[in-house]
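Naming follows writing order (A, B and C), and every chain is counted from residue 1.
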């Protein structure tokens, strides 16, 4: 077993982990602030990928501009989504919110299947075949870019959540809604931003990773269940917990996939989730919001 | 009185993250007694109820109903042994009719198992008929008979409190704990509820009344327990408690108590 | 239990009210029509619809019990359906079990799975519970697809033999034609729904409704929420497992698509539109949603888009479905009575 192979796996694992983290953080943020489990979250990841594909393949965009445009559109979409659908819901009408977002997921997913068919499409940019060679290591440049984008998004998110007023307000609402309301934080504004950020991150993840894997309308569906498992493992509502769990899962999945037959890599996330629920029901890193 | 106590609570202790809500609280209630529990806000009155009825876990202490230990039992098992409670924020099944509300309150108590229930056995049919009859009786007692088939959602606040008391009775309780039965209720309704409580007690049911309305408690209860900061500071007849300087201090603060004492003396 | 608030103007004929007679005649008539269908027509398309309706009526009915009565939003139904399907198929093809025994075993295994899932996740929050049941269903699909030595993987087990039932009086019934399967599924669905109805209208159903409406109050009255929730989950798992075992022999193949999310989405829509907690409402909406989409010849994807839109609109405007809307009207009527009196 050579070090290059291992390092390669590790880097790939990190890339996957970062992407998982982007999606899971968005999901966790939305849950923490609105107490809504967004079933449609994966569809925005899918839409991000499909949009990026079309921008590159049909409109001649480059990779970076495509990602930027898609992310901005996703943020706006999140804003619209909140105002149109989610704003009126509250935490107690829990089943309503699940079923509403499930309905949204059905519309987006099946609509995409109807419009684009289930044939996977490969996005090819000039970058697609470029690799970086560092000694024993050969890494695809696209994956590195995705990793970089993800880390940049983390950094930006950190700044927003910890250094801006509204970000702190968001964390406050996620930790203790009633207390936050009492000190005069406007839940509507905070929630709207949380949804916009969450959807934006999802779209970014999809666009960033579009050149790496095939793009097809059902990709979000497979993804979102893992995101659920991740936020349970990290602790419902615990944003940093979700990020850590996501990174760990990405790395573990890739390492296991590299050495053992691929049989049940997918089941790893759910197995871990069940284990965590049996042993530590509030998640590995404890609660952001009461579970 | 040397009658064996109906309810005995020993050393009940409950802590929340460094705050001691109940500090080794001990008291007892004889069969057929009407005991009031009063105390300033946050003194632990409701925590006490939650613990002994199984809705919150206690950190230490034991409690017994009729000699049977209830410590650590889940809420539904405690209810089945005859210790029944009402809730501060009045609870009812809004989508069910008043009569259904009452029948539900009895169904786990009359000892008819699932198979008999599913098979609609004769025992079940008798049990349901008996429950319905008793339900109508109780609705008449509290003055809600005309709404027997109405959904509970339409009741006014005071009427919901009456329904809750009736529901407590359905469960053939030995002891009923009423958590703030007259909070937020108009004076006419208060008198009505007091009347109902006296009728219940006349049938031999023991009652614990947790209340802020001190006059209400003093007029109904033969014995009053005062709790402050999780500890029992008085346990005597209403007249004695009213004059107790520690009680006055708990409610009015040191200066206010001295003033009140001066006014009396 | 009262019906969902519909009162026919109380016309009485010889001691039997119109409403009361209708409540018995309509379902009895519908059952008769369904059972007699193969005698009335040879249209195989109708038999296919009949099988579909029967199967979904059991799936949606079980979900109605779990969600509408006990208040648990569970996505695990399809998992039990598929487990029953695979178990029955494997027992018949690999162990040469007789058909009914294999189906029964499939139901039993599904029930055990349901109780395990329930027991381990009911103490979690409602959010976590929903996610866990969802993950369970997905995990079933992954296992079916990847554990090839057990389930033959993505190819599944094709060529399931036509079941043969040994009836009393020395007769045997070979179930091969669509009409035969229509009979089989309809008889099963009638029995299953009767059982569901029996539970719903009994004290057990009342306890479940109490738990859903106000769990704390129910506990203070001696009702054990865990026991009733497990009852609902276990029963729905049993019925879904039996349905799965029967259904795959109609398909003559069992493969991972038996765990498809499509089943979950469809049964959810049926329950939501009919009104969670309304036995007849769900049955009617199941019938409508089985027949109408086929009539409209929508492509499956567009049908799902439509369902999604319906779900969104219903959740935004009247989350209680038709049953809930009727109930609210009943409440409003009584409120005006009470206000008039005070």
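In the analysis below, contacts are C-beta pairs under 8 Å (C-beta built on N, C-alpha and C of every residue); 3 or more make two chains touch, one makes a residue touch a chain.
Nothing here was measured: the structure is a model prediction, and the numbers come from that model.
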Neighbouring chains common to chain B and chain C, by label: none
Relative to chain B, chain with the most remote C-alpha centre: A
Chain B-chain C separation of Cα centroids, rounded to whole Å: 42
Interchain centroid distance [CA atoms averaged], chain A/chain B, Å: 50
Distance from the mean Cα position of chain C to that of chain A, given in whole angstrom: 34
Of all residues in chain B, the ones touching two or more other chains: none
Complex contact set, residues of chain B against chain C: 53-55, 74-77, 79-80, 84-87, 91-96, 100, 103-105, 107-109, 112, 114, 117-118, 120, 124, 128, 146-147, 150-151, 153-156, 167, 171
Complex interface listing, chain C residues touching chain B: 198-199, 202-204, 206-207, 209-210, 213-214, 216-225, 231, 327, 330-331, 334-335, 337-338, 341-342
Chain C-facing residues of chain A, complex: 31, 35, 37, 85, 88, 93-100, 102-111, 113-114, 221, 225, 228-229, 232, 236, 263-264, 266-267, 270, 273-274, 277-278, 281, 290-291
Contact footprint of chain A on chain C as seen in their complex: 67, 73, 120-121, 123-128, 130-132, 134-135, 138-139, 142-143, 146-147, 261, 265, 268, 272, 299-302, 304-305, 307-312, 315-316, 319
